Amino acid sequence: MRDARIAFGERLVARDLTLEFPAGRTTCLLGRSGVGKTSLLRWLAGLLPDAPRAQPVAYMAQSDLLLPWLSVLDNVLLGYRLRGDRVALAAAEARARILLAEVGLADRLDDRPAQLSGGMRQRAALARTLCEDRPVVLMDEPFAHLDAVTRLELQDLAARLLAGRTAVLVTHDPLEALRVGHQIRVLSGSPFIAGPAIEPVGVVPRDPADPALLGLHARLVAELRGLAP
Amino acid sequence: MRPLITAIGLLLGWEALVWATGVPSYILPPPSRVLTVLIERSDLLVAEAAWTATEMVVGLLLGLVLGGTLAIVFAASAGWRRWALPLVIVSQAIPVIAIAPLLVMWLGYGMASKVAMAALVIFFPVVSTLYDGLRRTNEGWLDLARTMDASPRAVLLQIRLPAALPAFASGARIAAAVAPIGAVIGEWVGASAGLGYLMTLSLARGQTPLAFAALVVLCLLGLALYYATDWAARVLVPWQSQGE
Amino acid sequence: QDKVRLLLDWFVNPDHASLVIAKQRGIFTKHGLDVELIAPADPNAPPKLVAAGQAEYAVSYQPTLQMLAAEGLPLVRVGVLVAQPLNSLVALEDGPVKSIADFKGRKIGYSIAGFEEALLGAILEKAGLTLKDVTLINVNFALTTALMSKQVDGVIGAFRNFELNDLALHKAKGRLWEVEKNGVPTYDELILVTKRETVDVPRTKKLLAAIAEATTWLRANPDEAWGIFSKSGKELDSELNKLAWKDTLPLLATDPSALDRTRYTAFADFLVKRGLIKQAPALDSYLREIK
Amino acid sequence: MRPLITAIGLLLGWEALVWATGVPSYILPPPSRVLTVLIERSDLLVAEAAWTATEMVVGLLLGLVLGGTLAIVFAASAGWRRWALPLVIVSQAIPVIAIAPLLVMWLGYGMASKVAMAALVIFFPVVSTLYDGLRRTNEGWLDLARTMDASPRAVLLQIRLPAALPAFASGARIAAAVAPIGAVIGEWVGASAGLGYLMTLSLARGQTPLAFAALVVLCLLGLALYYATDWAARVLVPWQSQGE
Amino acid sequence: MRDARIAFGERLVARDLTLEFPAGRTTCLLGRSGVGKTSLLRWLAGLLPDAPRAQPVAYMAQSDLLLPWLSVLDNVLLGYRLRGDRVALAAAEARARILLAEVGLADRLDDRPAQLSGGMRQRAALARTLCEDRPVVLMDEPFAHLDAVTRLELQDLAARLLAGRTAVLVTHDPLEALRVGHQIRVLSGSPFIAGPAIEPVGVVPRDPADPALLGLHARLVAELRGLAP
């Protein structure tokens, strides 16, 4: 993105922002609450005024946005249903079932979202995003409501399925960023600027116990801590 | 069971009203007299009621379909909305007496003109509530659909419409409640049958109890239609909230 | 001043000429009455409201009074405004109906007053038809419109002083059959009724005297009277009212206190025969002569 | 500006209709003739319109207040709802001709009976939509309020009511659109002024162009009222969604 | 709680559950997504059928539940407004302003919730809960959408304000539980049972870098990991 400007009325979120997201890799965004991560993601998704959208994206918002009248399975297939492509829909259904099984909702396919717990809803939303099969994937705090173990499993799943795609992932957990991001950027300031790209070595998903990562982790925490909210 | 209690409650309230206000019976007859007439003339009343009930139900269905379609068209196209919405509003302001001759010219004296009249009375609440519902879809869902490259048509039919169904149910309930008056107004358009016709005729002849017997039947039809619609709305639209 | 509420049978129109003139020229006041003229939109409501004590007098029709009396409403006739039928059967002159017999298989429109089936039944029978030979359609007030647009072939309930003029204004000519010459006993079209239990004879006398005085005056000064009438309400100054005015004045009863009991006996019998009432109510229960 | 274009659009549509269908002018006069009458009799029309506009606005306000109150009462008390709701539904089914004498008996011949009639026509959409809105409050908010030991009254007034205001706005829009017909129906109850009166009178007397001139004024009043209500609703209820 | 039973239709979440929450202390609940943590909290808040409610509670749900038509400040004061006690409301307003300043929303008092970022909304909901001043406080993933630094700050704030109250806090972060909980319980199984109470030493908020905690952390993670989802 080049010279982007994000503002809500008087409130300027970003100005003259130029950022590069390497193709086929996962970039993790970190930053204090309210800095503008969601806004940046929405800009990339083409959801803000004046925001161009280059390629098809899959977008997972901070809230789950499941449709209450559709079953879990139908929610996951929403994109195919909306595009109305019957052939693709039929093909995607098998994929959706597998994904739902992988996020641990195999026995909840026909439930309505209101019957799920918060974390289950988030997992369904994650399955929907990954089911979309798009070159660019944008995810806003996809694992926020998940327990530590499920989170690790789903990080693995995401890393596997995001391979080869350009992904931008917002998170608040520096370890998570280090685990799944090829590149990590810390946003700070108001209007925000992006810090230098941090590129940990090794293939994703990395082992969080790796001492090299722990060093980077300390650096990231310090970087975040030094910032005004 | 409930409807029966309700009916009895209504009758008691009415009897109390007559007693309390001392209205003469040729203006508001007491339920006891109306009941007698109701039983004595039940064959006549049933025949007229069948006629009016048909008008009501057909009018309601037509109104729901027309109103629903129009609301969807309005939500889909700003052009249509801009030009046709005022027309729709104006259609509500036109008293039947002004357009009755037109309707009769185009539709004749048969049931068609009555159904048209009833549908005209009914369809506005449906258009209005459904269109309002279609306007206030959760922004998040719309954004999501946009990232999914959904056509406006798909967004309308698969997201905005289901989200607006509770509002549609709300409109349908209003429509069901005004359906009886719609049918009666329709019978103004040159009727020679129906409860509304019977009522006018008996009022003119000073047969107030018969008129009120017809009115009671009309109200019962109205209640039945309302509760049927309410029940259908609950069964067909189990999710309630517009938002999350 | 004695405050009096008088309900008209319908919107103000030349049928009410004597009432309007009596009010506008202060004739009521001169007789010690402060009369308020109230127009309802539903012609059936006024007698009931008078019976319920919501007004002192109402303008009504003889057949209506007799039907209401048969239903037990406490009403009495105390005066008359038009002492002959105005009601007629009308068809278009250039239409297919040349005689009453031509109505066979055709549509006849009416505006519900409650007794049109009786009138029409008698008229048709005289021409050798029955009610079954025609289709009756309630067209409400749109009598001329329904006729001109050929939605119906004839209308019953047309007033001879209005509907022909109305047709004429639309460049159509009507063919008119007077009901009283076609099998219907003659009757008083417009009468004054009041509540039986509370007949106020002195006040009624004053009212009838004022109406008589106004009628005499307007018969003598039709043009000046028209000026007063048409200016008493902005909506009254219309071409139709002007035409109807001329036709109406001769029809107004010169003696509003007159009562012809035989008419009431005959018409009650007629109503019984046509099945509208089960039995004729006692004449004295609904007629009161104020002398 | 927009309303003007709309008005002109309506007139053109009407002219086209007259041409296309060949309706005789005593059934549907062409706009040109109506315009002439509109100008010639403008003093008469303005005077009658002032009367009707008063009835409309007072009736609408009364209907909104009554309907709003009733909906809140229904939401607050199951007992009231069970007994009074059928009564309210039935009130919609009663033709004016049956209760006009009653209204006159209780309210006299003045404006009160007309306003009451208009309010009766208007208030149902308000009750119905607001009550529906009150019924479907986000469960989470209700739970939250419960943990805060809020009285049912506080929950109703501070949570359910604001959450239902978009639905109330929806009902108010319908009410505004039916207000003209409410006022016209009201004028049946012994009127001697008003556009409805003028219309009935001129239609019955073959003065179709005058009747349609009155109708045009009535429709303009209706449009003005509708758009005013719509605007007020937007300004007063900026939040849209029922849910989160 | 004694012999509690939690079920949604056919789905039994807990049966014959007897749990003790020590008075005046903070209990942290951990457990896999969907195990029944939220349901348990709702039961404690008296929000489920048949659930008794012993004492006044302050409840913070998994979603923020801010009212869109109220300003941030008014949302925080919602409890006082609903109870309609003017004196208490006036007194609470100063408190609410201080709390909002402490959660970093001092300059957002008059904003509507729709103008806030997800984390800001959560912070406003947290301020509302803490403003309630109740003997029992129930919080469902209160810090899920916050960055690491803000999270630490708010954990400190919560620990300070919860002192002396009986609090139950659901979290997915074992470190967080170790930092603020006097007692920690892991829920598992379906219908779930609660594991033994873990009671770390030291006063809350504890230092997460404490090696004693790291040992417990490893134990907790292992415990969670060993469980079926």
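Labels A, B, C, D and E are assigned to the chains in the order they are written; within every chain, residues are numbered from 1.
The working rule: a contact is a pair of C-beta atoms (placed from the backbone, for glycine too) under 8 Å apart; a residue touches a chain by one contact, two chains touch by 3 or more.
Computed from a predicted structure; not experimentally measured.
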Query - Target subunit E, source subunit C, minimum contact steps - result: 2
Query raised in the report: What's the overlap between the neighbours of subunit B and those of subunit D?
Result: C
Report summary line: Winner on contact count, chain pair B-D
Requested in this report: Round to the nearest whole Å and give the separation of the Cα centres of subunit A and subunit D.
Outcome: 50
Requested in this report: For subunit A and subunit E, let me know how many angstrom lie between their CA-based centres, rounded off.
Outcome: 26
Report summary line: Flagged in subunit D as touching 2+ other chains are 27, 97, 101, 105, 138, 200, 203, 241, 244
Query - Sequence positions of subunit E contacting 2 or more other chains - result: 63
Report task. Could you tell me which residues belong to subunit C and also touch two or more other chains? Result -> 44, 48-49, 52, 141-142, 145, 149
Query raised in the report: According to the definition of touch, which chains form touching pairs?
Result: A-B, A-E, B-C, B-D, C-D, D-E
Query - subunit D residues touching subunit C - in the complex, by the definition given at the top - result: 24, 26-27, 41, 43-44, 47-48, 97, 100-101, 104-105, 109, 187-192, 197-198, 200-208, 210
Query raised in the report: Given the complex with subunit D, which residues does subunit B contribute to the contact?
Result: 6, 9-10, 13, 21, 23, 27-28, 83, 86-87, 89-90, 92-95, 97-98, 101-102, 105-106, 124-125, 128-129, 132-133, 135-138, 166-167, 169-170, 173-174, 177-178, 180-181, 184-185, 196, 199-200, 203, 211-212, 215, 218-219, 221-223, 226, 240-244
Requested in this report: Using the touch definition up top, name the residues of subunit E that touch subunit D in the complex.
Outcome: 42, 45-47, 56-59, 61, 63, 65, 67-69, 78-79, 81-84, 112, 114, 132, 138
Report summary line: Note: in the complex, subunit B contacts subunit A through residues 138, 140-141, 143-151, 154-155, 158-159, 162-163, 165, 239, 241, 244
Report task. Please give the residue numbers of subunit C that touch subunit D in the complex, ascending. Result -> 5, 7, 11-13, 38-42, 44-45, 48-49, 52, 54, 141-142, 144-145, 148-149, 162, 166, 169-170, 233-235, 238, 240-241
